[in-house]
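Below: a set of structures, written as structure tokens.
What follows is a pair of complexes built around chain A, which joins chain B in one and chain C in the other.
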Partner chain A sequence: MKHIDCPGIGPRPIVEFIYDGEVRPPAPEDASLEVLADRVFNRSGAPGVLREWWYHRPTGSWYVLERDTVTNEIQRAVDPEEVAYAIPML
Partner chain B sequence: MNVSVSSRGGLDLRQLVGAGAAACLQGAGYPIPEVVLSAVPCSGGFVARTGHDEFLVAADEAPQLSAASPPWCFQRSDHLIELTGPDWAQALTAVCPHDLRALGGDAWLMATVAGVDVWLRTGPDSSGGLLIGCDPSYGHYLETTLREVVSETESLKQ
Partner chain C sequence: MPLRLIKLGLKGTKDEPRFFPPSKELESHYDVVIIGGGGHGLACAYYLARDHGIRNVAVLEQGYLGGGNTGRNTTIVRSNYLTPEGVKFYDASLRLFQDLSTDLDINLFYSTRGHFTLAHSDDAMRTMRWRAEVNKHYGVDSAVVDRQAVADAVPGIDLECGGSPSVMGALYHAPGAVARHDAVAWGYGRAAAQRGVELHQKTRVTGIQQQGGRVVGVDTDRGSISCGAVVSMVAGSTPRIADMVGLPTPIEVFPLQACVTEPVKPFLNTIVVSGSLHVYVSQSSRGELVMGSAVDPMVLHSTRSTFEFVEGLADHMVDLLPFTARMRVNRQWAGMSDMTPDFAPIMGTTPLDGFYLDAGWGTWGFKATPISGKTMAATVANGVNDELIEPFRYSRFADFQMVAEKGAASVGH
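Then we have the complex of A and B:
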């Protein structure tokens, strides 16, 4: 079984996580409908290292992980301060 | 297999959340776990630290905690299941991806059992048994599943 190693909870089986997609900056407040539609429906899909949201259900913890989409290897857990641009309350 | 599954009552569960939660608990005379995701025993139950400013208190009597905010104090109605007998960890291997034999005494773990998010708590002596708490809406399913797992494992051994 694949495991994800996260700070605070250690290696956990992937079945305990929910994938919540790529970390992206919030949409600009004055964005046009075309820009908003592009943001909602389109992804680049290019292979590489992606920053992604992962939710650990049993502990109710959110994590940002960097995953290589080519090898499916999780490279590191990102400090929330590094992705403050995507978290309005930080 | 020497393990039995039963519902457990008689524990009052409260969740204390928010800034000042640790001080509030200390003021009420409860011990505070230093490390997040750990627990310490208290008055027939335990205090578990489920976050930096978040605690789950299980006691045989309702804790005298202020409901003023913050911190907020919520009553919990988790379904409690008790596994007793020395083979409880072996019984759970069929439904839990963790190796629960590694849990020591007074241990606390938040994990998934039979697809349900649960918390697991061992007593001072881990061979004595395990207490499982889960969302009450999943309680009947989880308890029935655990009973069947134990029953099937016993019948396979005969």
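Then we have the complex of A and C:
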């Protein structure tokens, strides 16, 4: 995986990207401390297909990609609507 | 013993005891099953047998003994950590290391070198002072030194770092050492086997059996066995084992790479680490420069090596030691590091009775081999966490009681 192929920008060298880890859904507003701790700290650490955040520096855009963490192959770019959630009202 | 040597020369070695006993069938039951035949697993087996008289123990290793991160690390042993919990724990390990060759009757090539952590900014100098004060408070020999002391100790260093932020000073830790990693695993393995522990190589754990909220056995690719306790000491495979028993963990696995140059005359006596340049180096007893960096940028369950690693490392290494531009890299390799959010390990009892975890060793666990073996053995024997490892307990994340060790562990190993 020397290049990452993203919608709109095409294949770009991996050094242009910053990795930001697994996509974790936010804890519900009324979550207990236990659920909150789980969301904040725990991860899907075992091998498999992970949804992860990638930031493309030159264009300043964020992507969510599905990647096989054993073969290192990117399988697809996830449509932002699929992972979007409403920002809680304060 | 020259007489014995002559006898061996005449008679041959075929009647000599082998280093490890020959492999045999699995028994149907063990008191304790240790998953993982790396340094930690073998050390735990040794201390269970020696200190607690628990000898009906099997170490199950999917590959060969010491073939995981134990045989892949750059062998830095030090105790100049940042948190009181960390300093006390690693200092206890360093003390065990100092007479381990005698204890295990094997030459570990334990070599005290002194360890410089270079500071390239005011912020870094402040962290070094902080570490030095915490270290001194717990009786650990560390001091902040100026850049001249670094220049005197490290021949060929460019204090200006080729235009990157220059070296302002360093944390100097006199007890910093290197050792022969394979011998640590072999020594513990042999000493454990001599006390009745069974070592089973090429035996992979594929499942863990539970009954009534406690662990009762393990499944392996050579059949199932029942047991009273399971200790998982599998470093980069921890999330796979934790998934078998349904325990969530904050562990993420990142490759960590290292490389060595061709051997050259001994010139570098100390270990040099630069957090800002993301590189560290020591010279092995064979003359190679042993070099490493921080973990790869993304999660990956693989021990493949990359060109990007050597390229990035070389770029920074020639800033620090310009003459290395003329040296060739001989070998490179990688291990799978089990990283935690606070750069401290996860050790001891878990919510599942009879299941013990020794993980989260990331890029820093070789130096902890003796003390984690010892404290995990005590924890398994008594069923409660040893005092030294209580701060590293599994439940610390649920309690928001992190052990913030990042300032002393991220590149420094």
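The rule is short, and it goes like this: the second predicted complex is superposed on the first by the 83 of 90 C-alpha atoms of A that agree within 3 Å, B and C clash if a C-alpha of one lies under 4 Å from a C-alpha of the other, contacts with A are read in each partner's own complex, and residues count from 1 in each chain.
We take it that a contact is a pair of C-beta atoms (placed from the backbone, for glycine too) under 8 Å apart; a residue touches a chain by one contact, two chains touch by 3 or more.
It should be emphasised that the depicted structure is a prediction, and the values quoted were computed from it without experimental measurement.
Trainee: With the two structures laid over each other on chain A, which partner does A:Pro26 touch: chain B (first), chain C (second), both, or neither?
Mentor: neither
Trainee: Considering only touches as defined above, state whether A:Thr69 meets chain B (first), chain C (second), both or neither.
Mentor: second
Trainee: Once chain A of both complexes is superposed, is A:Pro80 in touch with chain B (first), chain C (second), both, or neither?
Mentor: In the superposition, A:Pro80 touches no partner, neither chain B nor chain C.
Trainee: Just to be sure I read the superposition right, which of the two partners does A:Pro13 touch: chain B = first, chain C = second, or both, or neither?
Mentor: First partner only, chain B.
Trainee: Using the superposition on A, tell me which residues of chain A are in contact with chain B and, in the other complex, with chain C.
Mentor: 15
Trainee: For a test of understanding, state which residues of chain B touch chain A in their complex under the given definition.
Mentor: Those residues of chain B that touch chain A are 36-37, 50-51, 97-98, 110-112, 115, 117-119.
Trainee: So in the complex, the part of chain A that touches chain C is made up of which residues?
Mentor: 14-15, 18-19, 21-22, 33-34, 37-38, 41-47, 50, 52, 67, 69-70, 72
Trainee: Enumerate the contact residues on chain C facing chain A in the complex.
Mentor: Those in contact with chain A are residues 238-240, 242-243, 248-253, 297-302, 308, 338, 341, 397-400.
Trainee: Quick one: in the complex, what on chain A touches chain B?
Mentor: Contacts found on chain A: 1, 8-9, 12-13, 15-16, 57-60.
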